[in-house]
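Before any comments, here is the structure.
Lettered A, B, C, D, E and F in written order, each chain numbered from 1.
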């Protein structure tokens, strides 16, 4: 891969510590919690680094053992941490329990080192060493410095001609009923948008007759946008499947729904999808190939504990989300 | 909730220590066992206490570390233990392995503190401080003092006008082929009966043309009875679903079958159902609302390890057993 | 024990969630964290409840799964939680790693539900139902509402004639170099003081020629004070031992140092000591008997994981901190 | 069972140590590995020993803690180890991760004690104390001494009139594209062949119009052969089921597909099938009964962690792969 | 080793399931229990089997998953189980917590399969195939059938000329203050006695001026006795050490005290000692060599979790209880 | 730190996967193994990277999940892996059990990717980007390509004027009685030697009257050598302590022995010492300061599970190996 000449992929957002109840336990009756590192943009960074790209995380972590833990976990999957800042302030945490239902999240991220120091980056300088810039709507939902920084950063990147991928990443509890139309400026700066027709409809505050029209509308309105991609989760009783869609200005593709089987952990499957789509764009994949790769990453993620897809390019390419199940040996 | 004025809910039965093989292990090759506290009536008590009711357990536990463990676990979910007696004798245990099949139970409850001392309660005095009385057929199946005490207690409560819920809770190995018609006196005292048409048919030793007739017969024969409720488990290959039925003297409702998805632990789902039904009765819910709440508790329980439903009223009300799966965040 | 007639023991302070790295792990490389519930006053409450006293916790917990967890754990050891308030705000957490050295703590307790709502108690009303009141200097160190509430509470209790035990519980990182002389009003209200001569010297900002003089000084200055008690940790290379001292207005006793052996978890040993001392005072033990009981609880605690002493009165009485080691069977 | 008079069942092949990533983990991010003992022939031996047969393992293990571990685990399930040789050389290991997909295996078995010393057995002497001989195609795939020994052994047994069961056990990575027709001599010696029509077609390098013709062809060509048996795995989306087929010279039976439900561990299900089939042959079961028993063992195995079926004859007989799911108690 | 010609070593006693609280946990707050298999005679059998002797366990286990577990664990360490009987009745269990202090045991062994069926052995027949017979005083302490069987067995063995080793194994809670002089007939039959001077004094109900006189007295009174052996535990603060003594009719040896270091699990160290002493007697070791080997086994055991010494003869011979600590690599 | 200008620290050696038995278990009865990454040079690299240096590992890892695991773990502690080569061949493994005694290691490192491909580095080119070069005698002990490469590398570095640290790291089982005088050329190239007087005596095959003379002799004979450093382990019964010595051409210092307390894992303490010594040399520390820092790292390591010291420079500086034990909070 020759992308190093062209600078690094930069991912900007909060790195979160995830503490989750063991399988079958509620938080209320857990006697241990499993540790994972997450955060939407960090998860995308993890995919891209494992696929061989030169990726740097842009974030702020506290000067503490928990901060060290997160830094180490990012490095473990190959994400560069030289640009991560350390500061006072607390570690953003979220507590997760998988059951009952599809699970629930308790955020404990207020007053975090990131929330207090997200404005400490020199975006013009960063744009000059960036090959690609990725961020998500969670920054905007957090408000304050993260939201401001996200907008400033995206605009600086767009101005410098750096491709920008933006994942809407809607989290109801973070928006608490506020409209998320504040993310429109981010879409304006984006070259790639990770958003479903429902997301588009909600953000544009417009009803569309069908999903295709929503995607068409967003492509028409936002000139820099080259691609829109999303996944769709289908429930048939308790069997779930997932399909992926990629629409560019010249082609569109929706995969068949792939069965998810026994789900180990669905957190981060959207980020796995986003990472694989960005990799496809960086490598010039067409819509069909890209949708399939994104789907493969998302389906694989459901079997992997933690927020991050763990794998190699060879495994991603070999994985057939529609294939016969068989042990490889 | 203003139920404290009217006395406590009393649940009478044996508290059992459950020791279960880890997932994928048989008892025969386990190197550790997971500890849970169970017992049908304790499980019902746990639901009611977590839903905010004032609940007291009536049981006998040995004066030992294991007895302390059980007492502590009851208190942890909010069940009052001031009326639990401590004595010599052993702790009733059951060993559980989840696989293969739907799992199996090895009882090791003979000579327990409860079996030897179940007669140490002053039922008339207890009736005077009781708002509701719950017990199950396991007491009767155990024979001896527990069976005698169960009958005495139910009759004392009925005489004092205390509502009595009775869960048949048929356990083949405990009855060992004996007829369980000995539980007829308990049904006589009951205002609420947790029993399926099959249970009714077996106990009354009568064949009915269909389930509705069985329920009608039991309501006709037992004057104190106001409600009969049960769940039905459906298998389609390896996909399971559960429906709930509630029949009163004036209305009846059967829910649609709700898919169970990946089951973590189905032990105690009937008790979760019973607890939620009793809560509905205490709060004047109609048959449909009650059936749905009971179903929700039972479905939730399948995702929770251990014998007891763990949750809050807010969670129970928010849980939709037929809903789209999505992580709450 | 007939203490219920005289009201409950009330313990006021923050309940903390402790998340600790597994043995041999640093926080920075942990893949799971063990869950315990702590907080100095909660730990004292746990001892007293297990010894059979009627104890109520006065604290504020968030309305969340983690808050439910803490509430449940308090109930498990028998502490009453009817007076615990639930509110918005986060759960106070501390992260612990046992090695290297004697371990270290990372506090993450700012903006907690307790910090924001510690003023929500009606101290006059509580004084009227209180048999004993316990609190520690951590409330004062936290500043703001907890500090104000601690002072108000202690004074209200003193005015109402309720005995007050106060544990200085010095935490360097919480005081951050500030003088802790602000706790003088608490000592003024106290009938029992848990503080070492070094604590006294630091708080009174006075050098004493020896420890006995420091204790004498504090007894002279604070009229309500009836007893001062503390432990002393001795290191001989890597072998540790602990001695206990109790000084009243009429007698004083220092135990011999008891060897600590293999230490599992020393957090909370001071609280175990405090709880056992308070029990001794409630039961009219003399200085020697009380010191020995306090020492026994503190030594036992070193072998028990988590912040709380776990045991029964019978075990406490049977435990000989100087005895020959032998398996009881 | 009176089979001891007639000598032991001998199972010849490599015993492997399996180290597997925890559920939801990839090898690349595991912080612990679970230990199981496997090897196709050892797994068959484990089934037969647990069903009450006198079974001896013929293998070579290193003189090391890992070798001791394997020996102990074999004994634990009742397999005789008196004929296992110990030598220098390493322990054959395979690393397993269950996800994503159906899992994958990394072999690390080169230079093993078995590979270097598989020729140290006196087959003529062993034939004289053998009631039955079992081996699999993995020996042949390994090449070198194991392949030579397998052929020599099978021929010696055939010559001595000992029944021989041979499981093709195709492993793509072991054959690495080489043709596996080298196992023809083993089939020549076999009285029972565990192979699917696809296996037969590949080995005989012949296309057949349908599976029945393949089986017919193999029965025609190999005179000693009395029975051919195999399982078929069916995928309907992410729901799997398994059917079993047994064909003898006089009858044939294929079971309906049995649903597999939540799969804990499918490794070794083919060996469980083989073991149960061999037991059926030893006890004179007909094709239908044998197929059903084989299917029951294979389905049960999917719920059991590790390579080996764990159970008793009573459990195998009681298990209904098509039955209603219910907890046995 | 040529001892197979001369029959097996037979060990008679109850096999117990041990369920222990995790490190740092009390039983009262354990959420899992670790599974080990114990029983004094089974532990001795385990040592002897691992040292290469042909050993058969004589015991009775229930027909259950727990019984299967015990049987498998015995086989794992090489103990023969062909003579173990299976019956109705429960599994004898003991619950163990290691802290605080040196740990404590809760027995739950009444009504066990062994207690009800210990009389089902044909001692005369067994004597004819026995090279050595081992049992402990626990059988006698249990009373009833085990006590009767122990006496009958020992006398049958003595009559047949089989060497008998008898370990007093005093357990205060089993004797509950009863005198244990009832074990005198067992000492009469014994050729080797595992008992300390204190044991001897208590059993003979005689005060001796010193330990040497006690040992001399027992050797004088019991003609069949050839050797007496015991260990002595020394506490210096929290540092423990252990010495071993062996006295025969012609020589005597007491080792220096060996430091125990960090103790993982001291249960079964006496049985490890007994097993190694018996091995020494079988191989004709002198008192000094035998004492040292017994000490080595006992010291090693303290570092091994569970009731049984785990190791090989090579390791036992290489282990120097007084040696410099160094990692072997 | 401005050391990046001057190139990276390069560490050359085999990265090993360590699989260790859980506490209290032997390998022979483990049901899981803990995963750590080790290798003497990788452990040194880990210390230096965590102290803030720019460190690159020079090694060869297999193209497999286990190889990925090692690579990720190196990155996690900050070690650069860009120069690590991937190849066919197996992963070098060692199996570890901590007890009994000080633990033992079973190597399973033959035929590893490193052993087969250690010659694939261009040492002249590497010397030009190297600020410091570290390696150990294990390379030489392995023989073949690693031994040749070690010699070639050290000589190339010496010729290019790169400082070279060499740790003798004697492993008896690797040298299997062969003389290790073959490491003389490595000492010739070294500027810093990690070796005890005993090591020096063995390598130079010369008896010295005392340790000081041995160190003097090695400094005299090897001109490039500037410093010799080692630790000494002292046993007093079961209490261990450690002292550190540093000798340069102008000064020498031996610390007092520091108590080790409860040891969690002593593997890698020598590497922690080496890393801290090299850091001291890079920063111009004198002998006393350097010895103390090395001792601190080594003592801290004993409390940390796994082969690698985990910490920060701030923690290393704050750690007092002779200090009073107290929880930092």
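Some notes on this structure:
The working rule: contacts are C-beta pairs under 8 Å (C-beta built on N, C-alpha and C of every residue); 3 or more make two chains touch, one makes a residue touch a chain.
If you're wondering where the values come from, they're calculated on a predicted model, not measured in any experiment.
Listing every chain that touches subunit A and subunit D alike gives B, F. Note on connectivity: the fewest chain-to-chain touch steps from subunit C to subunit D number 2. Overlaying the C-alpha trace of subunit B on that of subunit D calls for a turn of 120°, given as a multiple of 5.
Chain centres here are C-alpha means, and the one lying farthest from subunit A is E.
Note: the chain lying farthest from subunit D is C, by mean C-alpha position.
Work out the mean CA point of subunit D and of subunit E, and you get 40 Å between them.
Chain centres here are Cα averages; for subunit B and subunit F they lie 61 Å apart.
Averaged C-alpha coordinates give centres for subunit A and subunit B that are 44 Å from one another.
For subunit B, the set of residues that touch two or more other chains comprises 23, 26, 28-29, 31, 68, 72, 76, 239, 262.
Taken as a contact graph, with one node per protein chain and an edge wherever two chains touch, the assembly fits none of the named shapes, being neither a line, a ring, a star nor a complete graph. Every pair of chains that touch is listed here: A-B, A-C, A-D, A-F, B-C, B-D, B-E, C-E, C-F, D-E, D-F, E-F. Those residues of subunit C lying in contact with subunit F across their complex are 23-26, 28-29, 94, 99-105, 107, 171-174, 233, 235, 237-240, 262-263, 266-267. Interface residues of subunit A facing subunit D in the complex, by the touch rule stated above, are 23, 76, 239, 241, 259-262, 264-265, 299-306, 310-311, 319, 323-329.
By the touch criterion given at the top, residues 68, 72-73, 75-78, 312 of subunit D touch subunit E in their complex. Chain contact summary for the complex, subunit B toward subunit E: residues 19, 26-35, 64-66, 68-69, 72, 90-91, 95, 97, 106, 108, 110-111.
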